[in-house]
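Here the structure comes first, spelled out in structure tokens, and everything after it is commentary.
By letter and in written order, the chains are A, B, C and D; residue numbering begins at 1 in each of them.
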């Protein structure tokens, strides 16, 4: 069966508000850059289009209706995946592997600044009978999870604060980032407690932005680019959706998703065979939970290692050199594509002052409170 | 491209209101499909959920809430959503999960609980419009179907009496379906005298909103042996979307359905659909849509579907049995879960398990779904 | 006939089983962006504006900053007359919330003159009886007085028959 | 330069206001109806899977892993332990609360599940593992809803 590679990337920068573009226009901006980068015309060369979106983030009962025009998909095969960007990449990967499609465009964006009542919409995802009637700010679930994770793994709050400091500093070298900064651990520790032990600076601020990646079959990849990035493995999984039943201390979905991706990529020793990673950090402790779940460091050691600079850009295993969600901003369903974009830019040698010496990278996403679902993709040159 | 076969199907009853929550409905449909295929959840390696607007069930990111009922806990689980087209697009997603080699046995489960939207799902339909161009006009969804029906009747000079025959046929066929919500013996006059909602659409021209769930199990060719000696092969898939601006197309012919059909027929090696297809399940949320979609599926020339219906060609014992299940008009319209009366029905027909609804010696079947703002077509061709 | 799973509830029984109610607070301030901002600002001045794509010659109404057929940016703004013809229509006895109404709402799709074929909007019809409505009929916009216009498609009250076009 | 013409004056950019609101009524489901009918009488019920022995609270109509219908209902004592908790300082609009509120996941004794609910214990006194029990509204005020429980406390 054919291999699958990335032949084009298109993206906008990540900013808190984008009043000058509508959702159509921000999608068109990213899509037209991706098609330019891949050197293709969507009206002739692209066989299938995939958008990743959820209705309530956008404000339409069926958002799928409002996507084709700005992607160039009028009267073409197109679907909407209700999931993170990497779920969209998974569908594109499978469509190409069947041999039915050669070039597939995958899009995800965030126009979350258009949504005035974000927290009410997050609460609207809670179980309507057992959890939602208790109301309150929905992020208390992250507070419950962080407490359990710190307790079980022995990680300290300072360890989580180091993640925030590292990512916001990394973001200083990412021209796309919207929330970069030189912070100190104390600054993070003294920020307003919101859902103890979760503090204000532990939470990635919301951001707008759009990312489009063009996937192609092996034959088309060789034809279109001389800096191909191959998809070596991809996996996606969910723990149970019940708050009352799930594993609070470990990211089980990340364990299962990365396991599936490693199996496909024939990776037995992730720590050694992968050079760097971009993992979800919508909350600071999640980055630690996710690197442990993906077996990129020994279990329950991430908190200590981040304090020693193990995951820094010049550390033993760089994590989130792009600045992550904490540095770039939380792009909701586009977070997965934001992570994958950084891995692709690194492997193409186009990461500027963030450039790492690397051949294999991993991107891992989480769908946010209150879900226990995530996806993982391993890219290589 | 690996061969893919459907090996089991299941569905709940379709009803205006069900006591079960969305998850519980999914469990019932999945359990029925597993029982029919003689499998257990441990034999399933990926799960695809298809469900239409979150605004019906009233749960944001509804795919996450449904996952344990779909059998997705601790599994490779994903939701796809293309409006009304989800009913056939979700099984197509199940097809590429298996045909790509990523999965050996994939469970596809579609669900809709429209009764959570109180007092009527209509208020959720109020948000499918463009907020700037259309919501200020405060449209009712039936308006645009009335406009499409009006245009279709005008261009081909089709009379309402012929269109009403479809409603009579489907609601009658549904008398043989265990899940039927609105099965009834009615006459053309009943349809023509029913309450006018938005001319030319009247009460008995429309399918009812429903709660319901449906499931299908797809297995790779090399895994089918031990499961069943009666597999139904997925031989053609096609899906297509048209522009957002429904005012930018002439509504008399669904070009997006034709493109999806051509894609599926090319893959299935079908050159003369009318001759080669033994049973068809076009999407029939309205009676005129069955005719509109028969033409979109290239089963007959433009404007001729009404004649075929009048001549009885589309009856169960006709040359081209259409909607033998009773369709959305008779069994019910839980949007995504209509998979049960479209893809599910074609599976049961070709596997010879359609009971009283069985069409004699059906070998090749086509099912189709339609959705969004009159803009999405998904088509699947199956053969036994 | 064997019964498929599922327990139906009548609307009466629905109130007897335990249930939960919720009215979500979900509010938006969509950025209209380039094309729609200009479109709405022109409506406030009582004008219709479209956008032209030079590579395929299509004139879009409502305007768009890109051509969805060529996938290229559109090239220039084009003012359009406020007349058009009826592509399709319906006579509705239901309002938005599916309540029955006595006085029917006349609504349809109007192709705006000067724009490309099949470029139009859905809007109301007025100053005509349901039987007057026909396919291809020429109509003209009736605007709200300037002071009442807010920059919305409802700045046009409805479309009435164009005099001298019967 | 994505577009050929650009609006130059920021005040010309428009925003369009709207919502996506409707009323919703959710059935608690086949399993939920039994749970909440019992809750109205101050009792907890769970379902037990005879194949894998898991005891589900909140009760399920099915076992997630064995995917069998569950028919065995068992009484669950009003005894739980704090599995994890968080001290909430802000309301849903991120305004500071006068007195912080505590939310916890309480594992019900002898079961594989529990309930996420409010905890009426001073913040400094809360410890993971401490025993708590549900405090109910007065019987006649109960409606068969999760809010029939006011909070958990020592």
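Heads up, the rule we're going with is that a residue touches a chain if its C-beta (ideal position, glycine included) is under 8 Å from a C-beta of that chain, and two chains touch if they have at least 3 such contacts.
Note that the structure is a prediction, hence the values are computed from the model and not measured.
When the partners of chain A are compared with those of chain B, the chains appearing in both lists are C, D.
Here the largest set of C-beta contact pairs joins the chains A-B.
On a Cα centroid basis, the chain most remote from chain D in this structure is C. If you average the CA atoms of chain B and of chain D, the two centres end up 35 Å from each other. A separation of 28 Å divides the Cα centre of chain A from that of chain D. One simple way to say how far apart two chains are is to compare their mean CA positions; for chain C and chain D this gives 42 Å.
Shown for chain B are the residues in touch with two or more other chains, namely 17-21, 31, 55, 58, 68, 73-74, 115-116, 118, 123-124, 126-127, 131-132, 243. Along chain A, residues 19-20, 25, 28, 32, 55-56, 59-61, 68-69, 74, 120-121, 124, 128-129, 133, 240, 242 each make contact with two or more other chains.
Those residues of chain D in touch with two or more other chains are numbered 2-3, 7, 13, 15-16, 18, 20, 22-30, 32-33, 36, 64, 145-146. The touch graph of these protein chains is complete, with an edge between every pair of chains. Chain C contributes residues 1-11, 14, 17, 21-22, 24, 28, 30, 32, 36, 39-40, 62, 68, 87-98, 104, 107-109, 118-124, 130, 135, 152-154 to its touches with chain B in the complex. The touching residues of chain D, when paired with chain B in their complex, are 16, 18, 20, 22-33, 60-62, 64-67, 69. Of all residues in chain A, only 18-25, 28, 32, 35, 41-43, 56, 59, 68-70, 72, 74, 111, 113-117, 120-121, 124, 128-129, 132-133 touch chain C in the complex they form.
The touching residues of chain D, when paired with chain A in their complex, are 2-3, 7, 10, 13, 15, 18, 20, 24, 26, 28-29, 32, 36, 56-58, 64, 83-94, 101, 103-105, 112-118, 123, 128, 145-147. For chain C in complex with chain D, the residues that touch the partner chain are 7, 9, 14, 17-34, 36-38, 40-41, 65-66, 73-77, 151.
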